[in-house]
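Below are two complexes that have chain A in common, paired first with chain B and then with chain C.
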Partner chain A sequence: MTLMSMIAAEFAKLARSLSWTVVVLLPAAMVLAGALSSLVAGQQPADGWHTVWLRSVVFYGLFPLAIGVAVLGSLVWRAEHRGGNWNALMSTPVSSLRLVAAKTAVIAALAMAMQLVMLLCVTVAGKAVFALPGMLPARYLLISGVIMLATVPLAALQSGLSMLLRSFAAPVAVAFLGAGASTVLLLAEIGPIVFLSPYALATRATQLGTGTFADGGEIAGATVGSLLAATALLSLVTIAGAAAILDRRDTRT
Partner chain B sequence: MSSYIVTTDHLTKRYGERAVVEDLNLRVPEGCVYGFLGPNGSGKSTTMKMLLSLIRPSSGQVRVLGEPMTRATRRRLLGRIGSLIESPPGYGHLTGAENIGLVRRMLDLEQRQIDLAVRTVRMQDQMDKKVREYSLGMKQRLGIAMALARQPKLLILDEPTNGLDPAGIEEIRRLLRHLADGGVTVMVSSHLLGEIDKTATTLGILAGGRLLFQGTRAELFAAATPDVLIGTADPQRAQALLSGQHDARIDEGLLRLCGLSPDATAQVVSHLVRAGLGIYEVRRQEQSLEDVFMDLTGGGGL
Partner chain C sequence: MSVALIRAEIAKMRRLRTGIIVLVMVVGVTALAVLSALSSPDFSDPGTRSWAALLAGMSLAVPLTSPLLLAVLASRQVDIEHHGNGWLLFQTSGATRGGLCRAKLAVLGAVVCAVTAAEAGLVLLAGIALAVPGPPPLALWWGYAGAVAVVNLVLLGLHILISARVENQLAGLGIGVLGTLLAVFATGLPPLLAHLTPWGYYALATAAGYRDGELVTFVPGYASIAALAVLGGVLFAVFTTRFDRREAS
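Right after this comes the complex of A and B.
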């Protein structure tokens, strides 16, 4: 009943799951859309890798990332809401905290895999479509690392919503609204919102080092530090909150 | 009192104003097969969910395996309790083997325990099929195997024979006896007496959320008063004479009175004799267990 065996069990449930399709298709579509808009305009990306990154990752961070994680959350919890699975799950000696943590870990891992696919697709687009010189600069690997961590609270929140709501679409709708509101607040340069909203945190992380929205264009140590602090804080609060709710809740009929 | 593996005291569950389970004092002896009977909607599933702390009682207590079952203790206790509530579990997109493999991983069990559980429900030849392709009976058996894999002291099965054909029902019955012989206490619910009648050593009968009877089969027979049958020359007149005091029916030429105590029987007979009616015979008719069950539960909702 260790957390690791729980996580292993959760990954085993993903066999033949639609989740993997989402993980590959969503980032690929984002990069493709970005590349197409450049091609249609008949321009080479003005700032090379930077422009390709902007057009795919920053746009992805505005709301498709939140929607993608929400869909993954609903896919991961969907089977638990079917037939006798909920009763069986709640009749195991596994603690609510472990269960919530394991589900969050799986959804976060899928979200992180999306960022890896994103890196791959951006590289392919830069080389194969635009024949950019050199490789994707290393700074984007660092940025991707921060993005991957910053999606953990988002995964925890969407996991919690999909745990509580039997509906597939409702948590996705919440993500859409949450990401929209957070983007407005980021546009208004209300920085501390990343400590309150997992949507804002993930979106802000995708803007790191790009100079868009409130970003200065540098990978500033203070910015990365506050993003990581917000990640740790929101992850703990969200996971603990979801576990406490699950522990108090009655099973539904 | 340690001979009881499950006890409840004044166990009650209310939804709004409505008590769905009321003032239940269950006593489940260790090592028995406890048949938990009641019509649909009588509160069997709700009670079993409270025994597992899947839902919390509105009032009253549950003790399982000698300890109070609460949200604080449930995770520890649930390691020794196998259960199947309402519908069988299983992930349709995975095979039977993959499904029970999840249980092995989550509970850190050994493959030997898994194989034993699968063989016990005779599912060893079906494990490579996707659960989506299983019949209901196969799903029930896989669900029972999942519950058994942890080698529980107590097994709680909610209507495991629901939707099964007679052969499937017989198979489950045999399984329950086999488990009880192996020292597992089994609590099994049904809305049909016939399905668990011969398997259960102790019966609890629920109707409208209240426990109407709890005890052995023999005690159930003893508790039920058999109908009194009176043979007389003029049953119509006898019925008219008794009207207002007793609910007498005419049944194949005999007068039938139910729930009559020995004293009341004597009074009825002397009343009829004083009215000048010839009495040919007075006897009590043994009831089948089915009749007793129907009488107790009012035959409602079956």
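Right after this comes the complex of A and C.
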């Protein structure tokens, strides 16, 4: 089987997995919560689009993004842990690397779709709720592109955890812990953590160009470059690691 | 609810690594509460350090950390019955689905109460270690801890019911994530709106916070929390009784 047909098979399995509820509801709830807290406080976003972005995307990056990807990972692997599906998977004439890559691709695609829903919700909130002038500035589209790429290692890691742990909830708990610890390290301005922790990488990407935490406020080429380098490095290491582990797994009785 | 059922639930916890999740909860809340107090401007000078800052830190850390981890605890303890066909096994050995859920709440509930007490106790010890001046407000401290324990128990019961009723654990965890958002943002909502969801009651229990830029202590809304306890208890009893009448599957 080619990688493309495996990815197509994974998407077919997703059709009835309810993963769309996570992709749509999580970003929508984040933006709604941010907008509501502004409305209840009776204040307009002081800095226009920047404030709306801070209250939704930056907060989303602190830990809800990691949890969302973790839930998606558990959903994508859930089918393989049920009935006799694990043994069917083990006896499929497909290399572990391809299987892991296909699962990661599907989870990453859903995570990227989540960012697109986020963009849409932020735009709707800015226009319909706060009647902000103009459209969402183009820089946020660029930032979203970086965020989408930076979720790939996170997708690969959560895919690996959901592959190993049959429980739905356990990988989500790991993501919560990982995201919390990474946020504390970013708060302490330990920048190189993005090369070690996929959670820190995704969180750091959501802060790009906002001036929060360790960010300078501009979209600096060096920052984007190091984020993309970390993305490539962590994706390769995580996917290869998960494939090596899956290679050593056997059928279960 | 028999002793054997309780012992079975305790035995299940070992392989479910409940201990690790519990440890994460205690360390997470304590660390976040102390870090948030340390980062407040009042804490930079040892003379102006206050117990209120630590209580405010806890009032931030508890709603941020508890809802999702309670969902995880409940989901782990219930999901094994779906995986291992435990409902049918227990039903054929005389324990109904509702009875099993009540045993799970009893065992996990005891653990959650111990977790809450440990969180409050550790933050108190941290305050003593940081040499916060003056005697700690013990009545308010343990009153707050008791209120949080009640909210935790109600949420735990809710998550046990959801995890047992809906086999796909997405439901329970998804509600846990949305609950975290509700809990965090409820602090900024008017109290009337905070009453509408169980997660809002964390905000009603808040023991200290900033009002007009001043750090002050509040009296937790004990009456609201008591009402939540009664309502939660009655609903849990009603739903588990309905579970008892379901046919074995």
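One rule holds in what follows: the second predicted complex is superposed on the first by the 253 of 253 C-alpha atoms of A that agree within 3 Å, B and C clash if a C-alpha of one lies under 4 Å from a C-alpha of the other, contacts with A are read in each partner's own complex, and residues count from 1 in each chain.
The rule we apply is simple: contacts are C-beta pairs under 8 Å (C-beta built on N, C-alpha and C of every residue); 3 or more make two chains touch, one makes a residue touch a chain.
This one's a predicted model, so the numbers in the text were calculated from it and none came from an experiment.
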Which superposed partner A:Gly84 touches (first chain B, second chain C, both, neither): first
Which of chain B and chain C A:Val184 touches, first, second, both or neither: second
Footprint overlap on chain A, comparing chain B with chain C: none
Of all residues in chain A, those that touch chain B in their complex: 1-2, 5-6, 8-9, 12-13, 15-17, 79, 82-85, 87-95, 247-248, 250-251, 253
Complex interface listing, chain B residues touching chain A: 45, 49, 52, 54-56, 71, 75-79, 81, 83-94, 98, 101-102, 105-108, 143, 146
For the chain C and chain A complex, residues of the former touching the latter: 16-17, 21, 24, 28, 31-32, 35, 65, 68-69, 71-72, 75-76, 79, 83, 168-170, 172-174, 177-178, 180-182, 184-185, 188-190, 193
Parts of chain A lying in touch with chain C, wherever the complex brings them together: 18, 21-22, 25-26, 29-30, 33, 36-37, 40-41, 64, 67-68, 71, 74-75, 78, 166-170, 172-173, 176-177, 180, 184
